[in-house]
Amino acid sequence: MTVAESLNHNWQRFTPLQRLSRFGFYLFIAVALIASLRTIDVIPEFLYDAPEQMADLVSRMWPPDLSYVRPTLKGLIETLHIATLGTIIAIVMALPVGLLAARNVTPNLALNLFAKFVFVTSRSINSLVWALLFVAVFGPGPLAGTLAIAFRSIGFTGKLFAEAIEESNKGSIEALTAAGASKLQTLVWGYWPQVRPSFWSIALFRWDINIRESAVLGIVGAGGVGVALDTALNLLYWDQVAVVLIAIFAVVILAEIVVTSVRARIL
Amino acid sequence: MTPQEPPTQRVAFAPNWGARIGWLLLAIYVVYAGSQLGFSAERFSAGLEHGHRFLARMFPPNFSRWELIASGIVESIQIAVIATFFGILLSLPVGLLAARNLTPVWISWPTRGFIALCRSFHPIIVAILFVKAIGFGALAGVMALIVASIGFISKLFAEAIEEISLKQVEAVRATGAGFLSTLIMGVQPQVLPRFIGFATYQLDSNLRNSTMVGIVGGGGIGAALFTAYQRFDFDVVLAILIIIVSLIMVAEIVSGWARRVFQ
Amino acid sequence: MTAETGAARARAEAPDTVEDRALVVRGLTKEYRSGQPVLRGINLVFPGSGVTAIIGPSGTGKSTLIRCINRLVQPTSGEILFRGEDLAKLSGRALKNARRRIGMVFQEYNLVERLTVMENLLCGRLGYVPAWRAWLRRFPEHDIQRAFDLLDSVGLPGFAAQRADALSGGQRQRVGIARAIMQEPDIILADEPTSSLDPKTSVEIMEILQRVAQERAVPVIVNIHNVELARRYASRIVGMTGGHVVYDGSPEGLTDTDLKTIYGGESWIE
């Protein structure tokens, strides 16, 4: 081998900067975890007791109290209405804001940022908190719940809509504009056909999540089966609680089946 | 077309009756559901008036009880961090077992059922159950969020594994690599970026939920929030909300950083 | 039987001869669905040097035959004798050990897309290093140097840090070949290595395979449907049709009649 050929090739998996970043990150996680574990207020007796307590709870739930099925079903139907109506309202509100957030539809940076701010606020406030706020304004009941679901979902759906719009093919829009289409026309004929499958996918996804969210709003008085759950819990009627839990589980599974089959059909 | 067939009318845009009926049904449903839920114009306008007064009482936000708020937020962060860590740890084997291309049917289906169970209930409900079972405090909150994490991460992890290209794995196996080496060099590189994505998403989600489980006794800032709410101290409520929203925004930045470091 | 296996073992331990590296296939049968065999009792002796090309129409079992050798496909019955072992009967650790001595090049390259070229090459050593080395990417230094040298020899100097999915088809296949050589194999299998490549790149790849067979004294078995390439680069040709071997001889001896038997009909000969 010549001197040139015997040069030692050096292989490093990560650049020094990458190594530093990764190390920094691992360090950060370790510190966060250790700090959390050391200072969290956990009573050790509770921890040891836990499996026994949970077994006790489960035994009190069986057999479920079938007399509670009627009020549960009533609440469940109300929950479905809250979830569906809330999703619909959210989509109606999220579409225009989503258009404002999409950089290719709205080149105005200020409007983009405003729309993104709306989304972040909507997403950061838990649906339960939205429910508390609306109960304070509109009084307890499903109206507060529906609005809570709606306002929480605007951020989620709007952000995904904006991303779908931004990912659409510029070429077809260009062609339409060149042919003399107005803004509204490019929206309907250019963007909408491309965005439509994502639109339905996002709407279904959020509806599925909202069913779960709507079920608990009753705990703070915003209607739905959560009210039945809360009542049974406060009275410590575990066999009634079991009925509500089973009903929620069934509805969630059903919704998933509906969503998967609609997805397979439409998309 | 044969000469015998009668000439048919050519329609450029045939009306899509299926879709039109669909939209009509949707509109009918909205009106129906609205009436079922007791929506009415008077309620709405009364609410708007009320809302005016309500907003007035929220401003300006009241940070005077900041020590209480700070300790609550710290506890919420602790709950989120611990729950995400152990949730991820437990989701790795659970997700692997649930992947239909890695394990036989009699293992993957029950595992998927278990994951579905973890996902079906809102973390608040799970938190209520844990509080009743093991007592008030952060532990109940942690356990509830671990369950929620497993439900989310395992499912997506299993889906990511099922979507990998088995050809790449086959090539690694053909070199004589053992099971572990094949996982490390064949499966993991295909799955890791997506995994980082949903792990950081779950951290975010856990942080949001950890601020809420206090409402039902699971520790964290939720308790302080609920107490202030019940006492009509809406300015304190606003202060707490502002802190929570800021926290979540910071967490989103940290998640973005993590995703870039590990992409 | 013991005398035979004893002699076979002695051969395996003795200095490497061309006969040692020969692969013997006896009565190999494979049925994906019972009653519909894809391979019907194949009997072949693959020479221990040079390039052997298997030609034949699609669906005739060429790929199945190759994949039975390193057991990516499980034979239904028959023997595959290599270096004193019956590959068809191995399992577990023995199979793993046999596989690391058999290199494979795939039609669609089958590199791990998200890994770099260097990491893909080091996959070739996975049969020889413990899993923790793979996890931490701490492979032995001489393996890394070998990888660099191999990259030079297949014409890809400086590509070590590139991600596999950033490469063209021809470049990926060269990495695939280098990965196979990294295993220091006793035999290299190539399952339609040129089918996804354009004509010019196909020639380049066949050149590399032929060079590998000569310079490293490793027999190469190639599955190929381009008869011209087979004639040009192979030292031996096996023709298959309908799950049977219908030609087994030199490229010069391959007549049009033979090709007609293999492929049926003259229309493709132009």
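We just call them A, B and C in the order they show up, numbering each chain from 1.
The rule is simple: a contact is a pair of C-beta atoms (placed from the backbone, for glycine too) under 8 Å apart; a residue touches a chain by one contact, two chains touch by 3 or more.
Values in this document were obtained by computation on a predicted structure and should not be read as measured data.
K.L.:
Have a look and report which chain pair racks up the highest count of C-beta pairs in contact.
P.N.:
Greatest number of C-beta pairs in contact occurs for A-B.
K.L.:
Give the label of the chain whose average Cα location is farthest from that of chain A.
P.N.:
Chain centre farthest from chain A's centre: C.
K.L.:
How many angstrom lie between the CA centroids of chain A and chain B, rounded to a whole number?
P.N.:
5
K.L.:
So what's the Cα centroid distance for chain A and chain C, whole Å?
P.N.:
50
K.L.:
Quick check: how many Å separate the C-alpha centres of chain B and chain C?
P.N.:
Taking the average C-alpha coordinate of chain B and of chain C, the gap between them is 48 Å.
K.L.:
Two or more other chains in contact with one residue: find those residues in chain A.
P.N.:
none
K.L.:
Would you give the residues of chain C that are in contact with at least 2 other chains, written as numbers and ranges?
P.N.:
In chain C, residues 119 touch at least two other chains, as defined above.
K.L.:
Give me the residue numbers in chain B that touch at least two other chains, ranges are fine.
P.N.:
Nothing qualifies.
K.L.:
Spell out the residues on chain A that touch chain C in their complex, using ranges where they run on.
P.N.:
Residue list for chain A touching chain C: 8-9, 11, 13.
K.L.:
Residue numbers of chain C touching chain A in their complex, please.
P.N.:
Listed in rising order, the residues are 116, 118-119, 137, 144-145, 147-148, 160-161.
K.L.:
Would you pull the chain B residues touching chain C in the complex into a rising list?
P.N.:
165, 167-168, 170-178, 180-182, 184-186, 189-190, 192-193
K.L.:
Applying the document's contact rule, which stretches of chain C touch chain B when the two form their complex?
P.N.:
Per the touch definition, chain C meets chain B at residues 70, 72, 96-104, 106, 108, 110-115, 119, 123-129, 131, 134-135, 176, 179, 183.
K.L.:
Under the definition above, what is the set of chain B residues touching chain A in their complex?
P.N.:
The contact residues of chain B facing chain A are 26, 29-30, 33-34, 36-39, 43-44, 46-47, 50-51, 54, 74-75, 77-79, 81-82, 85, 116-117, 119-122, 124-125, 128-130, 132-135, 137-139, 142-143, 208-209, 211-212, 215-216, 219, 225-226, 229, 234, 237, 241, 244-245, 248-249, 257-258, 261-262.
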